[in-house]
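Both of the next two complexes hold chain A, though its partner changes from chain B to chain C.
After this line comes the complex of A and B, so read on.
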């Protein structure tokens, strides 16, 4: 239960293409995270799966059944909204019961389900309060509880953690993951926070401008980004992407420095800041412009000859001053190569 | 009492009275007088007898002439204080001929005195003519009028709230072609006064046979553009996510309206209810046209009956005006906190 298949989903508002043909399969019990910059269509896609919006073309299947024409209530899904959307005039208990009452469920069964969900989420003392009397984290739990009691085939979470403060977000992230393990239900989680995506997801769907850029496991995305966008989007600080051209001796940067990387046909070389190291014999010569010392590690901003920027994350607290000329080295195996079309070069 | 004293001696701060304190109290006092003076004057006058109402100069408090039962006379006789050469004494008037009144001393009814009316003043005490209030109910049909008014006001307000909120719900929460045109059309009808559509409206009401029926008063008034607009603007502030959550929760569109949107619109509904009660209760022109039989009169139309072409029965008119004011005052006393609560916040966030 809970296998969701999207086939060529397109959505246009007037002349604007919001989604440009999305194909995706979400396996049963999987936690899939949609991630992408603002306006990439991730929330729209989620709303289409929920049934709150209709795609212009394309089909949505849940457990092998085409549900494209079905209303939101008849898809067996539950959604947690960004604003939680708790009914302000009802108690927590009434909020959780509302959806069940509408399906004419027996009262005893409703009470049992609410009690179970309340125990799981530790909101039992709050059941007779109203949403206005709850803190942000408590409201978040109630919103999740309202979804749980319905025993949906899949949970849809629309940026559920974005309204929480940083500390609470970290703990709720862990709780959501634990909840997913316990329920074993399919979850689709939308976020613009890549850390959230990396820590929670079984698989991540990276979206940009209405198209799927890459679908892979978190480490798969990190280790083998399929294109320049994913390479720059995943990982913090962002990957160094240097333009240049491939030659017989290696990859020549626009500034003239030659890197010992076999790179047929590549026009961009990507290197994560964490993979750079100080190396007196290294091929990269750069002038330090800024040192951000974080204690455990230091972020070095530097300029390469030719004006390209270099970002390096070095362990510890290296003794570097602004203006110093430094040589960096790296393991050629860590280099990511991209062709003129922006796609990962075969290597 | 000490609370009132504390209130009335409040100052801006400091130990002494500042000139701004005095100006403030004078200004507020004038405001209280201007707003409450006429109402107080109305209430006090409503307890005066017809003779006292036509008196000049007028008195603030209602007075009643004192009377005494005198031996040998069937009816109680009015008492007067007489001051002349024989001193000051209280006598009862038996009859009056021209400027001379025949009066007797209640203690000594046998001797009749002839007194010039210039030498006497009525002996009066503060007293209330309750008859002004009782007669319209006991001897005239005001009880029926009141029932009619309550029925019209109550039913019209209920239907107004229901239909206006349904229209507002559709116009605020559904996106359909021509929605804004409909909204503008509804608001545009605010510019058309009743007198312009009086005749066609009358033909319609008469055509469906609602003349001389209370429904003829109720139905044409329930769809108010002000109400639709007020509720729509309020409903626009209810987040759409709530409705979507309800839709995910298997709620039908009716349930979304009835169980989610309507409870959240309560502050705006209270405001509209206040308006509607006041409008319908005070309605005069339209009921006057539709209702021509006494038994379906509303209070306002019934009041009009006391203002005849030749003779205005001010004492009844004033008393019944006070009666008609009471519900409106009560509505404001009990519902005004909803207005302030509605402004203060909806509890949404």
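After this line comes the complex of A and C, so read on.
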């Protein structure tokens, strides 16, 4: 249970097309992450699935049933909000019980479900506190607990980690993934943080300006981005994308440097910063403008001839001074090639 | 243009600057002598003087008057009566029969005021809450409707009373309308029950916008996410109101209730202009009683009026303390959130 199918979902506010025809299938038990920049429509799409907003056209099916016209309560879904949306005047226990009481469930059953969820999320000592007396991480757990007790067909998570500090976000990320494994439920998670998407998702849906740019596994997106947007969006720091032209001897950058890459028809060559290495015989010559030493690795900012920027992540703490001219090499197999239309060129 | 503005600004600020320079040296000397707390007291002095002259002094005078008897206006000419005026106000041979009271009019006014407070405040709170809930929805021309409800608040109470007297009078607009559709005219303000209801209705109309605005501010402070969470949980609208909206609106609601209580206890101007306390004593309220006894009746008794106003003031002090306590409780709760 928990298969969700979106067919040509469109949403228009006045003259603005927020969603421009989304088709997607989320398999039962899958953890799918919607990722994209602000305003791409990911939260709007999640709200449509939740039933909090209606699509202008298109259909939403859950387990084969068209639920497009159904209200939020009749879809069997549970949502965890960015703000957690806990009722501030109720205790944690009352927050978790509230939705179940609406269904006239027996008190013993409600208590049993709360106890089970509280044990799972390790929030038992917090049950009689109010949200105002909890830390951000604890509120987050309570919000998840409130969703769990309903035993929904699928969980919808709207940027649930964005209000947490960096350290807590990392641990909650792992906990959410573990929870997904334990519950085996379908989850749709919205985030603008691509690291969150990469670490948690079974599949990632990359959205931009109301359209799906690519749907794939995290490593599929990383290794074979379908277009320039995905190439630039996935991976941190972002992929180097250099303009140039393909020729018989390889790919010639706009600055004149020739890279030994077979690149028929390509106009942009992409290379991840992690795939560059210092190489005295390398084909890329660049002038260092900034070195960010992070300890275990260093991020090198440099200018190529012709003004294009180069970003490299090198292991350790290489002795590079600002202004130094450095040669970089790479494995041609790591190069990503894109045509004038922005799409991935055939290798 | 900007230069002209700067020039005008300089002309306006020049005398202020001169004045500030004049005060600078004596203020510095005073600060050195009096310290920081002394300075605070110094700056508060003008306000305290005004408060003293217009509030504390009349209050003291009122208490002094309430301990005297006779019709003389000046305190020096009046006879000391101790608590006699209070005794006169509060003494009844049989407390189940108001006519047996020494000041049966006081008790009538007290009873009318109590009934007015209960009926008017209850109706006002319900209507103000309903209005705020409606105005909080995504209505077409929402600002216009908010203005419509707030407009009567801007009117002088006397104007409110007059408008409604023109409407409800025997020869008023309402009766003209009834006659026009072939019905008999009604003496709205000469019927005890209608007149009381009119006093309640008119004061509600006049104050509704103010209280609805306070409640609307409270409603708008409730995060939308909470309603969406409730929607996901399949919560019925009535349960959303009782379990989510009302508890979260309670800080504003308590302020509104106490303010409405205070205003209702003080009811005078609109009702007096509308009904003059009549028919008979049907709409005689405490403030009007005090006014009549102290200033308007043939046998003026300032001491009795002062005693009645001190008793009424006591009720208002209790309500005000309640409001302050609630305010402090809300502040503490807000810090906890």
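Here, the second predicted complex is superposed on the first by the 347 of 347 C-alpha atoms of A that agree within 3 Å, B and C clash if a C-alpha of one lies under 4 Å from a C-alpha of the other, contacts with A are read in each partner's own complex, and residues count from 1 in each chain.
Everything that follows uses one rule, which is that contacts are C-beta pairs under 8 Å (C-beta built on N, C-alpha and C of every residue); 3 or more make two chains touch, one makes a residue touch a chain.
In this text, all values refer to a predicted model and were calculated from it rather than measured experimentally.
Colleague: Does the chain A-based superposition show chain B and chain C clashing or fitting?
Modeller: Clash: chain B and chain C overlap once superposed on chain A.
Colleague: Pick one for A:26: touches chain B only (first), chain C only (second), both, or neither.
Modeller: Neither partner.
Colleague: Quick one: is A:102 in contact with chain B, with chain C, with both, or with neither? Answer first, second, both or neither.
Modeller: Both chain B and chain C are touched by A:102.
Colleague: So, A:83: does it touch chain B (first), chain C (second), both, or neither?
Modeller: Both partners.
Colleague: Applying the stated clash rule to the superposed structures, which of 55-63, 73-81 or 91-99 from chain B runs into chain C?
Modeller: Clashing stretch of chain B against chain C: 55-63.
Colleague: Determine where on chain A the residues touched by chain B overlap those touched by chain C, and list them.
Modeller: On chain A, the overlap between the chain B and chain C contacts is residues 50-52, 71-73, 77-79, 81-83, 85, 87-89, 98-99, 102-103, 130, 132, 146, 150.
Colleague: For chain B, which residues count as touching chain A in their complex?
Modeller: Residues in contact with chain A: 239, 241-242, 244-252, 255, 259-260, 263-264, 346-349.
Colleague: If you look only at chain C, which of its residues touch chain A in the complex?
Modeller: 223, 225-226, 228-236, 239, 243-244, 247-248, 336-337
Colleague: Within their complex, state which residues of chain A touch chain B.
Modeller: 50-52, 71-73, 77-79, 81-83, 85-89, 98-99, 102-103, 130, 132, 146, 150
Colleague: For chain A, which residues are in contact with chain C within the complex?
Modeller: 50-52, 71-74, 77-79, 81-83, 85, 87-89, 98-99, 102-103, 130, 132-133, 146, 150
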